[in-house]
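In what comes next, subunit A is part of two complexes: it sits with subunit B in the first one and with subunit C in the second one.
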Partner chain A sequence: MIRKLFSFKGGVHPPQFKDISTTQPIRPATLAQQLVLPLHQHIGESATPIVEVGDYVLRGQKIARAQGYVSAAVHASSSGTIVAIEERPIPHPSGLSATCIVIDTDGKDRWIEHGPAETSYTEMDVSQLRNIIRSSGIVGLGGAGFPSYIKLNSTGAIIDTLILNGVECEPYISCDDMLMRERPEQIIAGAKIMRHALHAKQVLIAVEDNKPKAHAALVDACRNEDIEVILVPTLYPQGGEKQLIKVLTGKEVPSNGLPVQVGIVVQNVATAAAVHNAINLGKPLTSRIVTISGEGVAEPCNLEVPFGTPMRHLLDQCGGLRNDVNRIIMGGPMMGFAMHSTEIPVIKTTNAILAATQANVAPPSDIMPCIRCGACADVCPVELLPQQLQWFARAKEFDRAQEYNLFDCIECGCCSYVCPSNIPLVHYYRYAKTEIWAQEREKEKADHARQRHEFRLSRIEREKSEKAARLAMKKAAAQGASSNKQAAIQAAMARAKARKNSPGSEPKNTDNLTEAQQQQIKSTDDMRAKAQQIAESRRAQAQQMMAGKQAKDEKE
Partner chain B sequence: MLAAVLALTALAIIFGLLLGFAAVRFKVEGDPLADQIDAILPQTQCGQCSYPGCRPYAEAIANGEAEINRCPPGGETTIIALADLLGREPIPLDDEVGEEKPKTVAIIREDICIGCTLCIQACPVDAILGAAKQMHTIIESECTGCELCIEPCPVDCIDMVPIKVDIFHWKWPYPDETTAETRP
Partner chain C sequence: MLRVAYALIPGMLIYSWLFGWGVIINVLLATVAALATEALMLRLRQRPIRMYLTDGSALVTALLLGLAIPPLAPWWMVLIGTAFAIIFAKHLYGGLGFNPFNPAMIGYVMLLISFPREMTSWPAPLSLSEIQLNLGESLTYVFAGILPADVRLDALTMATPLDVLRTELGLNKVMEKITASPIFGAMGGTGWEWINIAFLGGGLWLMYKKIISWHVPTAMLGSLALISLAFYFIDPTAYTSPLFHLLSGGAILGAFFIATDPVSGATTPKGRVWFGIGVGVLTYIIRAWGGYPDAVAFSVLLMNMAAPTIDHYTRPRVFGHGGK
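So, the complex of A and B:
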């Protein structure tokens, strides 16, 4: 049955130059003396190191674990000693450094003990499969580097189609082509695992018609499988996820949406092979196939490269660089970016290293004003208005650029490719995107600072009023001090009185007395009474005497 | 005649009550324009605009007492955003208030710090941690780079250092627009 194919709008046909690197089979790269493994080789959070300087590590040993949901682990790509965990230049358009784990290799390339899981993947739980894929550090090997295990989560969505992307539409790059030619069985095995994880109804492998050998090899390997290999007409950028979905199924992924929303998952063929290695062989991701090509390289070829190998080491294995090399590009000529040094290491997303000569690179002096020809809008595969976006980005009108869906731009470079004025359109979009992100971050920080400032102001206000209240209390206390003392004395006296008058206050030692004691008390009381009588009679006598004396005095 | 006067009076009373009720019921708290302006300002709270913080400056702009070009930390972006909001023409930054500088954070040289707490009291966002006669330190993520802590420090142990750009905060530069004709 011949499948009906659709098409996406736009696209270009740049010269391919793929043959120059496909003349030789894939060969393993020689081991570099030092491997530099960045902790950030993927989209998302950087990994966290779990080894220390001085540790001896084996190939495949995990040296950094995934940090957070969108992240990937890093494994040692050869055996050796960790000599540093420090900032080193990494492949990034900025040329900046980031934390890397540096391994001095011992040349033995000894693997850590590994082997297939005890149970076959068909009996494994989906989450168990995803965990193995996560801890094997597998990310999308097509170039974006999105952690693969996340895309293999089908919870809440019914996956109709799993598409394996073997399109490889950028010029010069042939690493997937060679993989499909030489190791189709690995790709098929990986596809079956991913299909099992996603419960996908059908599996399609898309190959562009400029790779007939790869197509033939896959068709041959799929003879007894329920997997369809589809030859699609060559058109750049067909390898884009959304473009490929449109071509194969006619479905459009919504703006800001994910393929999962239309029941489709797309994975690169090299990712499928990596999944096969992780699940069926127990080998984490420690190497990949890299195309070394470009006019500046004497013998273009494909090498299987352990991650962390410096680019210089690989270029030397391909006959070295020609003298007129203008720049080294990681990725293809359309979407790749220039490296600031040849000492930069290969990472998981390095699909190609191109050495471009002076003649290949358009000198920037040719930039001319926009003539509004509209050629860019004709080729845009996302149906944007590249010219408008460029005006907005140039004028720093970022909100207008966003209204024109700047963030749907896949930076494929078609517009820049066809621009007769050589305007670096994609550079403007990249500039605008990073500016908008920076503004969002600054806004967040400003809101945070405002909150803290307001809290501080209210705290100072509160402290002031509390202090005032304390002072007022102290003052009031000082004023009423004397009256308070009087009151306290009065109160104490009242308390004493009350205690005296209360019923239980008379002496208690007069109860239950013996006869003799009562007698004694009685006699004492009698004596007291008698004494009192005598005293009174004496007082009366004295008074009489005094009265008589007074009368006598008055008479006299 | 009388009927008309009565009718109009009645209407006037009804609408008067309605308006009076609406004025109480739908009263807008605060100053919405000042809020909008405040949302654009960078919240450095540095006082370079001569107002004691971003909010007072926002209120001054809203009341027409201040120009929109007095915020050096916000720079051109803020002036353009304010001009957009207020329907005015963007004007260049006022020279008198300072110039737009790259973003910085304060760092305390901890071996020199004597623990006087003066900088803590000066910090508008409570980004300095410390106590009397104890070493102070700056919580880098909270520092707005306002430089208000520099002045009160008696031992000059606070430095402003530019924020280090890493791969997560790096921005693509503005494309080089020099062409064959304009190149010197």
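So, the complex of A and C:
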């Protein structure tokens, strides 16, 4: 059956230079004395070390576990002793350092005990498969390094097609090419496991037509399988996930969306082989095939490299560097980035190490102003307007850049490749993206600070008002207390007055008195009257005396 | 840019074969003036001189302007026009890549407005004139304004076909009578048609080499042809044929060499089509009803102004953003 292929807009045909590294078969790299394993070799959270300095580890032993959902475990890539867990330079465009586990190898390269699972993958539960893939540290080996087990979780979506990406569209790189040529059965085996995990209806393997040998090997290996190997016309950047999906199925993955949304999962061929090794052989991911190439390398080839091997160690195995080497690039010439040192280790996403000579790298002085010729827009596979974006990035008009869909840019480098003025357009986009991220972080921080500040203000306000309320209450209570007293006094006085005025203010117990009581009262009254009489007579005597005394005094 | 210059050569040769040495003198004068001014400006702006001088942009400006100025124009006119184009239209805006207007057309329009008489008197083409100045005579006339003793100025120059058409139509003459004049050839103006065909050849070569895209030339010539065809059908006595419009004046030169200037034009594919249509329609409008006989320069400049807006409204759909 001949499948109808589709096409995406744009794309370029850079010279391939793949043949220079495919003359020899894949050979294992010699073991380096020291392996430096970064905890962060993938997209997502860094792994957490589970070993300590001084521990002896075997190859395949887990030395750092995945931390969180989007993360991947790290395994010792050879036997030896952990000598350090510290910051070391890692492959990063900015030359950053990050925590690495350093192993001094003992040269024995002893594996941890491993073997195929007791049950066949077909009997295994999907979650069991995913768990093994997760704990084997498998990430996308095409270059992005996204943890593979996540992509094998269709979360309820119906997966129509599993695509294995053997396009390898970047010049120079041939690691997937060689893998497909030499180990097609591993790829097929991995594909079958992933199909099982995803319940995918069909499996397609895409290979560009500049790799006829790889295509032939896969076709040969698929003879008895329900897997279709498709030869696609060579066009950079066809290896981009969304571009490949468009070519094979005509479907467009929405901006910001995932292939799962259109019922497709794409995995790299090398990832498939790694899945096979993990499930069928019980071997975690400890090495990968790396292309060592470029005009600056004497004997370009493909090596099977344990992770953590310093790049210099590999370059030395390929005849060393020529004198006019201008820079060492990790990845392809289109999307790779320059290493600031050759001591940097190979990680899971290192598909190639290229040594570029002076002649390969355009000096920055050749950069001319943009003449808005639009050649970049013609080749952009995402149909952006690269030169407009470049103007916005230069002018720091980041809002406009986002309005022109800066974040849809896949940084494939087609625009820079065709630019007649040699403008490094992608650098401008990376710059703008980083700035926007920084601004967003800054804004988040500012928002956070503002919220905190506002909270503080409101707290102070609240405390103030609470204090005021408390005070007011106290005062009110105090006032209330004094007025209560007066009121009580007044009330008492009023009661007394009322009692005085009221006709019934006689003692109440005057009625129904007994004889004896009446006698008693009478006698008491008599006595009171007598006493009154006495008192009055005495008062009168005293008055007379006083009056006589006064008269006497006046006389004198 | 250098290939743009190569593509101009056939048209330039035929032009000078038909109209004499004046064409070559113009082009050379403009080139010298442009390169000198460019170097001066680069020096003043402290930019690397060699790199920018060899990019060919000043050369192309000079060639276009030299071709647009009437042959045998006084030397100082060419110099002023070119220097104005390079200094004001290009470097004061920031140099290569930053100029909103086509520098050659700014130079041309400045001269046309400042020296209307000189800028509209063209030598008669070879087949219509007994007199053809030789190199020495041409140089003497350009630099000193002195004609050979036996040549009178009015015998040497004549109005261009587009100019004649405008004047005669203004006098209410019928098209048939006007075009019967020997100044009108089989397809366009006598002589002009061949020059334009040579430019067309150069332009098609540029397109074939993918130096220019098909959008602007096709849209401009297409819209010019369609609109002139429409009016030709309505009243052939008052409006000339589409072929005449395409092969007269600067239509072809403008379509392939001037309106395609990427710096001052629209850059999105759809935008380029609209830009071309705009230039074509404006050219017809100014030619048919405007105050100037030819209109490519004005149309291009007017559309230059609209280019950013056109770009804004013709952004292509981005991959994965709705639609099909």
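Observations
Just so it is clear, the second predicted complex is superposed on the first by the 457 of 556 C-alpha atoms of A that agree within 3 Å, B and C clash if a C-alpha of one lies under 4 Å from a C-alpha of the other, contacts with A are read in each partner's own complex, and residues count from 1 in each chain.
Here, a contact is a pair of C-beta atoms (placed from the backbone, for glycine too) under 8 Å apart; a residue touches a chain by one contact, two chains touch by 3 or more.
Everything numeric here is computed off the predicted structure, so don't read it as measured data.
By the touch criterion defined above, A:Ala98 lies against subunit B but remains apart from subunit C after alignment on the C-alpha atoms of chain A.
In the superposed model, A:Pro212 lies in contact with neither subunit B nor subunit C. In the superposition on chain A, A:Gly319 contacts neither subunit B nor subunit C. In the superposition on chain A, A:Arg450 makes contact with subunit B only, while subunit C stays out of contact range.
In the superposition on chain A, A:His40 makes contact with subunit B only, while subunit C stays out of contact range.
In the superposition on chain A, A:Met368 makes contact with both subunit B and subunit C.
Touch criterion not met for A:Pro25: it reaches neither subunit B nor subunit C. In the superposed model, A:Pro116 makes contact with neither subunit B nor subunit C. In the overlay built on the shared chain, the residue A:Phe8 is in contact with subunit C alone; subunit B does not reach it. Taken together, the two complexes place residues 365-366, 368-369 of subunit A in contact with subunit B and also with subunit C. Residue ranges of subunit A in contact with subunit B, taken from their complex: 40, 90, 92-94, 96, 98, 364-369, 396, 424, 427-428, 430-431, 433-435, 437-439, 441-442, 445-450, 452-453, 455-456. Across the complex, subunit C is touched by residues 8-9, 242, 246, 252-257, 365-366, 368-374, 377-378, 381-385, 387-388, 404-405, 408, 421 of subunit A. Chain contact summary for the complex, subunit C toward subunit A: residues 48, 51-52, 55, 57, 95-98, 213, 262-263, 265, 267-269, 272, 311, 315-321. Across the complex, subunit B meets subunit A through its residues 38, 41-45, 53-55, 77, 80, 124-127, 142, 144, 165-167, 169-180, 183.
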